[in-house]
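When the chains are written out, they are named A, B, C and D in that same order, and each has its own residue count from 1.
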């Protein structure tokens, strides 16, 4: 299903080349201030235009349709929509029978029996993350004083990002990257036992973001190569502060008051310039496919703000769950 | 909350040193054959006793309390329990004020206001995974012909596992490991759009298993260092078979008919022999703590069967969701 | 929360005098034909205009924003919106401090701390049922050959409905009514054990419709006055047909293949002409309130199509749940 | 599925003649005192033995398996079980092919393909309500100072209950009844908009109780025969107190601070002495069936404590939802 969360629940809808994309937030507390300019900075971070990103330029103007009255949330569902304007459907129709490698074309076709809106990735398009970013703007207000920040750690295996992009553009190829995320101001006790550990919920959400193929908390995969005596974080305050943070701020699935730390791996953009070999699903013949249209050289560049928004959404839900009680 | 799944829903309960641990499976289809001996092999794999694992030996005899009649599932909830017999509570009570590094002692104490059952990790104990393994036995029958297999890829950074264990035992320290999991016989179309991608659901479940700190699908973190032209899997059959499997069998969050491939990182066992520094939460003074009791040198050795069970549970749910329709 | 359903899940949003009202259907199978004219008949039935209903006339034009492509559902979320055009907000603002008897003014004010959109009932307006009717149009296609029909049994205690309305209009008062609903073509086996009995799910949904205050299945309250020998329905076919249908087609919470039969009670319209006594929540003084604006003399007249839609939505979900399996 | 609730979630399991019946409460706050004697009064009220109830006498001793430590809830799932001891399976096996009128025999057989545990109603038995009563004991502690009380209003259409029972026993027939429930001390604001109105949630739960066929709030079905001017409850205090309570304490689905008032209709016990006509599902021939075993003349007599428990469970969930916030 296309929704996530228990108390602060987001539901996403829309297609890349249909009328709109959007999101509904259900369970948002009443009285949160919401102004149009609140969204600007995060949308600018997500928007295309930088080196290595596609030149598609939507205005990305959020239309707050419901749930806000006199610039405050009302407690009713908050629906935010984005019109699709800069759509060039002709780029995509010829791909119908020849699934693009790395994309959801094949799986969507099979799962939805050919009824899916295939234009520009349809419901699988990265454009759907606009709604996540919008919901993240609201979520950040709810989770304060927690603050989420995310940044590129490397792209194409290099920390010199400009250089990596230039090389990929030169090769007409694409690259991926690794993104780190830190949450500060975290209270002790977020997370629910067993199945709804903080790691479980954050990872669930992260793997909903297109192109993410790995998630690790604290030392993550490196922890598997450490000694226990080295990995264990020594408590140094009665508030739970630890001398190191190999656990990424989470013990037993529950926040321990230290910063939450995690990293995600973003695969290289699936759309690349140049010929790729694929199969024609109708004729069964292998053909050469050239994916036209606009591509990001490195989609990872746009992902940090999405990771932040997604993280804030999960934490808003967990904070509201923590507030419950008898 | 302590449950997971939509159609095939597992709910876990119990404490390490209470009466029992157990699991309830809700939504299990009627007519699945269940016999006591079905559980033996998986429980033996999970049980302690091998080199590097704790000598605690519970009989691990599953008691099928409900939902099975004349050796077939009835369609009603299936509850399986395990009595706790070999419990030595005296080992743990002295730790009440001094949280063991790496454990959930501190976070549980704060989250539950001191009311948690702290004996032997209580509800956070790895013993809770017994229920997962039992549910996995049922789930495997449902997902056939899909088959899940999981194995240790390395421990303590080494592929020579015996050697790594010996070294850790010698140092009275602990080590972690990396486990790989493969699912064969996967149909196209498992997974739900956006938030319930196959990666999201599997990662959610994996991070519920104690000690897991990283999950990656297909090439995972390595994908972030590949070229797009290299990472894209070329389709070579109209059934979705690809020449390579860098995507781990999943495109757009949906299975593409290739094997599902993922890896998880297990941190070193938190309990180690020898002194550790920690804080006394009541006095606020740093003290030396020696964690008594029985420890696994490398908990990762017991995790493969749990990963398999957890994977089968998620896939059973997804298979049943796929079967729905109008 | 503002959503309902497991496999066929509806989420409602909007306010009476905001930008729009709408609904998102998640989990709708791909390949269901959807054309604009499919909605006309049901919207006409729901629309105001008849004797005893308010003269407010919205065009009620459904805007299918997402989830439909080339006139078929795609499998992605289907969002349908209705612009609000004929809104006269000035009618309502003066009521802010003086809650209208029978309405949600007071409870919304308290629950949402004064941040709720109070214009015309805001999110509590009967206008929100437009979305239900739209989703019902889709649901009816899914549940075929099941057919749902609903009709007024009595209003104001009379079966001569015209007469009852005339009397109420003459008295400048309002009246309620009782509505019967029948589902034909029902397969055996809809409904889930215990908490998700067919009665539970239908009643849950019915009580979401504003103004409904009672629900009874089969003989309902009259059953409490029957002998068991009289109430028990005798099976007369191996397909479950019974000679009578006192059970309303449901045994043990599960459909038995006979028609589902239930009735709902609709209270009199809360808004009436003429003075009513209420309290000013700020001054604490009792005052006379005259509710201006447009009122239905008998809101029950508009409810049958909503009951049908709501029933179809629940049955679509149950039918899809029934289809699951291993 | 066999669970209900969002924050305070109950999951029920077991069969009448299997090993046990039981319930798991997930989300129960830590620190609620629980002692064995807390359950005695409610179990005594539910137990068989009075005039018009079956002589089956189980000890009904609750076994608290998990989630309680040192007589307080721990915050982990609380599982309570009841052994089945006084089972006489031989009474039921002969009914396999001949569904008892009014029972779930036929629907269970069809839904579960013959794999259901048919002994004594199996999972559909009223014995499953033991778990509800146990959970209700915990829920009552959580909802204080709210108090729930329920009582028989009439049986077999008579308020002289002894007389009605005597007449039914004399006729070897069964009768139903109507039960009223009142909740005092209710805060303003319980209930969630639209689909999770207080009426929706309470009705959902009530219709899970076997034999309940009608639910009405406040004036209920009688409201459909009242004038609006008569039905509207006049507010007389700024806390929401009203002069009358035709709304049953609920406006717009949300509690208004007055008592919650509702009634449920209980059908006559399905099992009656004497011959009934039914069909043999294998041979297709109509036969005379005599239902052996122990029957309640009027199951409604046992239902008040179950209604109270079920109500307390719903209110515990709603109270915890109300406590959430940012």
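The definition used in the following text is that a contact is a pair of C-beta atoms (placed from the backbone, for glycine too) under 8 Å apart; a residue touches a chain by one contact, two chains touch by 3 or more.
All of these numbers come straight from a predicted model, not from anything done at the bench.
Visitor: Among the remaining chains, which ones contact both chain C and chain D?
Guide: Where chain C and chain D share a partner, that partner set is A, B.
Visitor: When contacts are scored as defined above, which chain pair ends up with more C-beta pairs, A-D or B-D?
Guide: Greater number of contacting C-beta pairs: B-D.
Visitor: With chain centres set to the mean of the C-alpha atoms, which chain is at the far end from chain D?
Guide: A
Visitor: Counting in whole Å, what is the centre-to-centre distance of chain B and chain D, each centre being its mean C-alpha position?
Guide: Going by mean C-alpha positions, chain B sits 37 Å from chain D.
Visitor: If you average the CA atoms of chain A and of chain D, how many Å lie between those two points?
Guide: Chain A and chain D have C-alpha centres separated by 44 Å.
Visitor: Hunt down the residues of chain C that sit against at least two other chains at once, touch-wise.
Guide: 1-3, 12, 75-76, 111, 123, 193
Visitor: Under the touch definition given earlier, write down the residues of chain C that touch chain A in their complex.
Guide: Touch residues, chain C against chain A: 1-3, 9, 11-15, 18-22, 24, 26-27, 30-31, 63, 65-67, 69, 72-79, 81, 111-113, 115-117, 122-123.
Visitor: Tell me, which parts of chain B touch chain C in their complex?
Guide: So the residues of chain B touching chain C come out as 6-7, 29, 32, 75-76, 141-142, 193, 316, 319-321, 323-326.
Visitor: Inside the complex, what are the residues of chain B that reach chain A?
Guide: Counting only chain B, the residues touching chain A are 1-4, 12, 99, 101-104, 106-108, 110-111, 123-124, 128, 154-157, 168, 171, 173-178, 188-189, 191-197, 199-201, 203-208, 210, 212-221, 223-238, 240, 242, 246-248, 251-256, 265-272, 274, 276-279, 281, 284, 286, 300.
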